[in-house]
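In structure tokens below, several structures.
The same chain A turns up in both complexes below, where it pairs with chain B and then with chain C.
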Partner chain A sequence: MLEQHRLLPQMPDERPHHSLARRRSLYAVVLGLLLLLWPLGAGTPSSGAVISRKFQIQAAFVFNFTRFVTWPSHRFAGADSPIIIGVLDDNPFGDELAAIVKNRKVGARAVEVRMVATAAEAGFVHILYVGAGHEGRMEEMREALRAACVLTVGESRRFAELGGIIDFVLDGDKVRFEINLEAGEDAGLKISAQLLNLATTVRRKS
Partner chain B sequence: MHLVCARIATKGRFISPHGGTSESIESSKLARQLRTETSRKAASMLLCAALGAYASASDTPSANPAASLGDLSIEQLMNEPVTSVSKKETNLFQSPAAVAVVTDDDISRMDFTSIPEALRFVPGVDVARIDGSTWAVSVRGSNSEFANDTLVLIDGRSVYSTSFGGVFWKTQGVPMQDIDRIEVIRGPGSTLWGANALNGVINVISKSAQETQGLLTTVSEGTEDDPSVTVRYGGSAGGAVFYRAYVNYFNRNEQVLPDGADAGDFSHGWRTGFRLDAKPSPSDTFTLEGDGYDLTTGESETVPRIDLGENQVLNILSGDHGEDILGKWVRRTSDASQWSVQTFYDHYHNAVGGTQEINDTFDVEFQDRFPIGARQDIVSGMGYRFVRGVLPPSSVATWTPELDLVHLYSAFVQDQVALLPDRLSLIPGAKFEHNDVTGFEFEPGVRLLWTPDSAQTLWLGATRAVRTPALTETAARFAVAEFPTSPGGPPGEVELAGNPAIVRSEKLDAYEAGYRIRPTSQVSVDVAAFYNVYHDLIGYAPAVAQFVFNPTPPHELLLSTAEPGGTGHSYGGEVSVQWRVTERWRLIADYSLLRSRFYPDDSESEDSPQHQVHLRSYLDLPHGFELNGALAYVGHIVDTESSAPQPVPSYVRMDLGLVWRPSPVVEVGVWGQNLGDRRHLEFASQLTPILVEVPEEIAVRITWKR
Partner chain C sequence: MRSLRDLPIKHKLTLISMVTSGAALLLACGSFMSYEQITYRHEMARDLSITARMIGFNCAAALSFNDAASAEQTLKGLNVEPHIVAACVYDMANHTFATYNSAAGVNYRWPVPRGSGEEFGPDSLEIFQKIESGGEKIGTIYVRSNLEEIHALWRRYAAIAAVVLLVAILVAWLVATKLQRVISEPVRQLAAIASRVTAEKDYSIRAIKRGDDELGRLIDGFNAMLGEIQRREGDLQAAQDGLERRVQERTEALRIEVKERENLHRQLLETSRQAGMAEVATGVLHNVGNVLNSVNVSATLVADRMRRSKSANVGKVSVLLGEHEADIAAYLTGDPNGKMIPAYLATLAEQLAEEQAAVFAELEHLRKNIEHIKDIVSMQQSYAKTSGVVETVSVPDLVEDALRMNAGSLARHDVDVVREYRDRPVVTLEKHKVLQILVNLIRNAKYACDESGRVNKQLTVKLTADDRGVSIAIIDNGVGILAENLTRIFAHGFTTRKTGHGFGLHNGAIAAKELGGSISVHSDGPDQGATFTLSLPYKPNAIIHDKSPS
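On to the complex of A and B.
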């Protein structure tokens, strides 16, 4: 009564051999490639200006800030005059910042990037990025920047101490920013509540 | 008995009268379904939270090239890692594998309320709601309630059941607000994650405690979630120590049966958890996190009763509870190197389909990443896992043995070799594992990555992956159904038996290719294709009929036993397009194709749709409004063997949501899901013949944070 019926055809016998062969060939390919390529490790270091990820992200932030800050109307010739981002002395962004602002508009305004070396030039920009090490130069231009309602953006403790408005800080591996609202208001800038809300700290008038 | 056999052989089906409805089940199909259903034992995979060329794609959604960085919002930028785990900064666009990411933005825009919901619009993923709390989720085919070819990790903790071969989705309840992203790798992830990462890997990654500071309260109320309330608080213990804790209560209403009656599949329960992140020094990161849950679910259980000559359908309450804790220490040793140690312990007591499992898993792993010269980037690691499963007998299942102890040892290495710096890379790698069931496993793979410029990526891959047999396939015996042999004849019973002689893993050789292009800064296109060859597949042989006297009454036993040696292949691909139409409007569309065939019975795969189309639209409106919508077409599930009509027809699903953020503190959203469709079937569970349909759903969600 325990008669058994196998209703299914048996597996063909050659299948295991087939899979073994396949496995062997795959292994051979992998091992071969590994051996072949090992010596490449001693190759030359890659060249070319690779912009660090930090600055790529900072560049995107700087562009984004244009949407959350309102300049006094006298800073623009017209409703579609461009917003100008200046980079002080030394450009850490390579072409990244220019690439980001290209073809992107904030409302009706295009965004342009310019290098800034003098206080006079600084008076033409809306945002000025002050890289680490250039805070002293910013201090020289301080009055001109304030008068021209320039949003200063930097990335150092010193920058913050010298009255910079938005200061990038590195929080682990993430880029965050602090806002000196007092300095911003002094410069006649309106910084949106949304941006203030995202800042890790906001220094207000005491 | 010959009669019975003849019937099975010729008609290939039998009638199982059931709760008044006559279900036509075809025996070998049923058996095969159960093979997918059932599964798993022994070893599992080693989770590698983050590494390797595409795992880092993976760990770092980031490294969008400049063109796309400019598209990110400030909130998104704040989540972009400066130093990706991969110093190479491989990113999604430049990863040498088919990868898609569900971001926290997607989750909030679409009001995804569970991980499976969030996976609905990922190309190549088949998500089907079986009932209110159970899901079938698989990548690239072979879907079932326990889809054993898809590995799932939550913050590096594997939640793939080591006994059933699959995931208990109902117990995976990470609060959606805490999820940073879900990374879905289509195709094998075996060289890093090891066994059971056969067709895909799903990585759920939660936000750090630092990113979830303050008090957050979310209340969802709707026709199904009635209600779900989450309260989360995040604070700082001074210095660089951040923590958060949450508690969630939810109550989910019943879905509907085809005749419109309530399906009895309600669920309610509590979940709670915490996470602590500390950075005692710039080079060290510690994470400690844990969760606990206690759920009650209404469930229909089908118990074959030969003594009564019928299949009894019992509405039962099933309880699930579990706890897990995970610790991780990452030490960055230089700009290009780091190591990490991770350990977790997971305990659960889960119930499914009239059977249950009490499981303890302990896992520890070490990973190391370092460069060799300027052209090679090595990721390596080793790990150990111990699994202890207790499987008590129930009215539908018995296990021999009832205690399952598994030791899994593993090691892996992967090398990313720059053949041409920043242009062409070769990525060989392999994982070595030893488990108590199948012994040594070797899973090698190689990928080639070509990035001719920042707007194009081409990749190729060849990988060997394995799936270890599930306990259901080696040690379980399931009573499936009672059937009448003939009018007035003895009763009959169909049973499925695991086979302890199965000592080999299922194997897959996967060949993949992909291409991504960003023709303009507004558009990006991702195409991936695969050809999978499976062997040593485990399936249930057609039933063998016997007449048995024990247990009484004497009855016909149709016993189907798990057998190794099946083969199969599948091919297909996915195309997805993201289009930023304007600054405020984004469209995302994708199409997935899947064809598969399994031998020896030469059947089409019956478990996943051949065609899927998804379309999403994200529109930002003035005054803090957001209008988001989605359309999905999910093809019918092919079932060439059954002479019955297609069990799961195709369906179209439409979701629409309006979100309003009047201030940074408050967010109000209204969503409609399955709009315009009173109800539809998404999947036919293999554990019960009861079909539960997914109804139209309306929900309101209010989030308050400060």
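On to the complex of A and C.
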């Protein structure tokens, strides 16, 4: 069952949307987006490759997922063990993701980016980005990923169909995501309600 | 309007109670309200801070994933808190990411984000709160609340405080009205007793003591004071009684003393009356004596004349005629002796007639003197009465009478009498007193002239009158008076003569005084003569001016 959740269910929105307010909020979103993108673009001056804005945003989102997802404690050796983001086979972000995570921490944990090629390698990461066209590879590692409580992030319908947990979708020119909560829970992950709120769709256990 | 000072004590006490409880309550309410305000502001700031943190937290994902619409939805949830008027989420670059404004349509100027913290404005509370995610700051949230709740609270508290204050004052009034009697009643009673004591002057009244507090002691003191006053009142009364008794005694003593004095006075009066009578008798006798001198002189003269009378010669002639009875014709014609008889008889008859005339004159004089004595006696009799006999007389006639009474002695001592009657007034007075004075003055003048031994002895009587009265001056050119004697010449018993007894002038002066007049004396010294002037204040009934002295 798919259902849209608001952040604060205790605060029901009874106010009708005002067209002016909506337009203004839209404007604010666009402005905010542009401003958000600015430091990201500035953060990759060394990268020669021009990374599409979609991937820049996806890279930022992938990092941000670390804050709204909780892994079982056995996935970490200690309280300050790093969160490892793996990119399966092919890196669409260039140096973007590495630049984003560099010197940043989530709680006490640092964040690292690794390239993943095998299922064994995949068992060490906490997030695995599965680029378009690599969904078959993920299929192969499916059990290992589930056992290792890996949050899988992809960007295709096929990825979602294959049981990927967070799937980027484009809403106009806006990057958004769907969440397969069932798969996440299967993998032993706790996904923040806030994150679920932001998802365009959430698949839950029926 | 009555001032607070004049308010009865019971009202004062009630007022004090009310004011005290009111003040205490006001202070308590004030403190409580202030404390509530501070606490409430703290709480409000804390609540708003929590709200901001929660909203910030709820916006963290939206901010992280750039979902402004979601953030705005979250912010919209603030509309359940009517006091929150505006909220805003800023991104890392401090640009507004999502906003909320309770008053739709108002273009809100969003403040530049500051560090976390709250700030109270005059009618607003603003909070900035950083938004964190994974321990990292990802933005700022701003929440602004109005202070309507605080103001409403304040108004509510003020209303409650007012009501409580009112009720408390009312209760205080009720309680104080009952309880003030504990103090005011004894005071009121004391005041009433004091008033009664003052009004009735009854110091035996006592105030009733109720307790042993200060009022009790005051009442004790008051009663003691009353006792003291009562005691003193008694003493005073006793003293007063004693005083009255003493006054009575003293009055009695005085009365007796006065009586004694009256007796003494009466005795003295009697003595003086007797003395006066003696004095009067002396005066009368003196005057009578004076006249008797004249009488004596007249009698002696008559006796001498009679002794030397030629009447015996008639007998001798008769004897001769008898011897010659037979031949009487011959004897008368032939006898030499007989021839002389008719001539002799004629001479004798002439002599006898002369003698008779002289004796007759002297007897007339004698008669007048005796008349004067009679006058003196009758004057004395009238003097003995309350007032003398008042007659209307001519003053010159009076003076003439006086001169006539002394005429014999004046003539004997060759004293010339000069009369200068400028006026001839007629006045109404006691004739004999004036006569007595004048006789006395004339006799004195005669003595003065006599003693001087001079040849041209002269006595001048000057009579003048004007509107104020009559003046009779007796002026002599006799021995005069020493200056030192002028002042005491009228004193009783003063005299310069060997035979004088110092009564004449004194008596005269008294008589003049009794007539309302006076006697004055003037002398230029020894041998310069003297002038005695009798001034009488009688207004003349008529004045007959007589330029030529008679």
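Convention: the second predicted complex is superposed on the first by the 158 of 206 C-alpha atoms of A that agree within 3 Å, B and C clash if a C-alpha of one lies under 4 Å from a C-alpha of the other, contacts with A are read in each partner's own complex, and residues count from 1 in each chain.
The criterion applied here is as follows: a residue touches a chain if its C-beta (ideal position, glycine included) is under 8 Å from a C-beta of that chain, and two chains touch if they have at least 3 such contacts.
Please read all numbers here as calculations on a predicted model, not as lab measurements.
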Which partner chains sit in contact with A:Glu96 here, chain B, chain C, both or neither? Use first/second/both/neither. first
If we overlay the two complexes on their shared chain A, which of chain B and chain C does A:Ser192 touch? Say first, second, both or neither. second
May I ask you to name which of chain B and chain C touches more residues of chain A? B
Which partner does A:Arg157 contact after superposing on A: first (chain B), second (chain C), both, neither? neither
With both complexes overlaid on chain A, does A:Arg204 touch chain B (first), chain C (second), both or neither? neither
Who does A:Arg104 touch here: chain B (first), chain C (second), both, or neither? both
Is A:Phe61 contacted by the first partner chain B, the second partner chain C, both or neither? both
So, A:Asp171: does it touch chain B (first), chain C (second), both, or neither? first
Shared chain A contacts, counted only where both chain B and chain C touch the same residue: 6-8, 11, 15, 18, 26, 29, 33, 57, 61, 64, 68, 104-105, 176, 194-195, 197-198
In the complex formed with chain B, which residues of chain A make contact? 1-9, 11, 15, 18-19, 22-23, 26-27, 29-30, 33-34, 37, 40-48, 50, 52-54, 56-57, 59-61, 63-64, 68, 95-96, 99-101, 103-105, 170-176, 193-195, 197-198
Note which residues of chain B are touching chain A in the complex, please. 1, 5, 8-9, 28, 62-63, 66-67, 69-70, 72-75, 77-84, 89, 208, 210, 279, 285, 372-376, 415, 417-419, 421-422, 426, 428, 430, 442, 444-446, 462, 464, 507, 509, 521, 533, 535-536, 541-547, 563, 565-567, 583, 600-601, 664
In the complex, the residues of chain A that touch chain C are 6-8, 10-11, 13-15, 18, 20-21, 25-26, 28-29, 31-33, 35-36, 38-39, 57, 61, 64, 66-68, 104-108, 176-177, 192, 194-195, 197-198
Residue numbers on chain C that touch chain A, as the complex places them: 58-62, 64-70, 72-74, 76-80, 91-93, 95-99, 104-105, 133-136
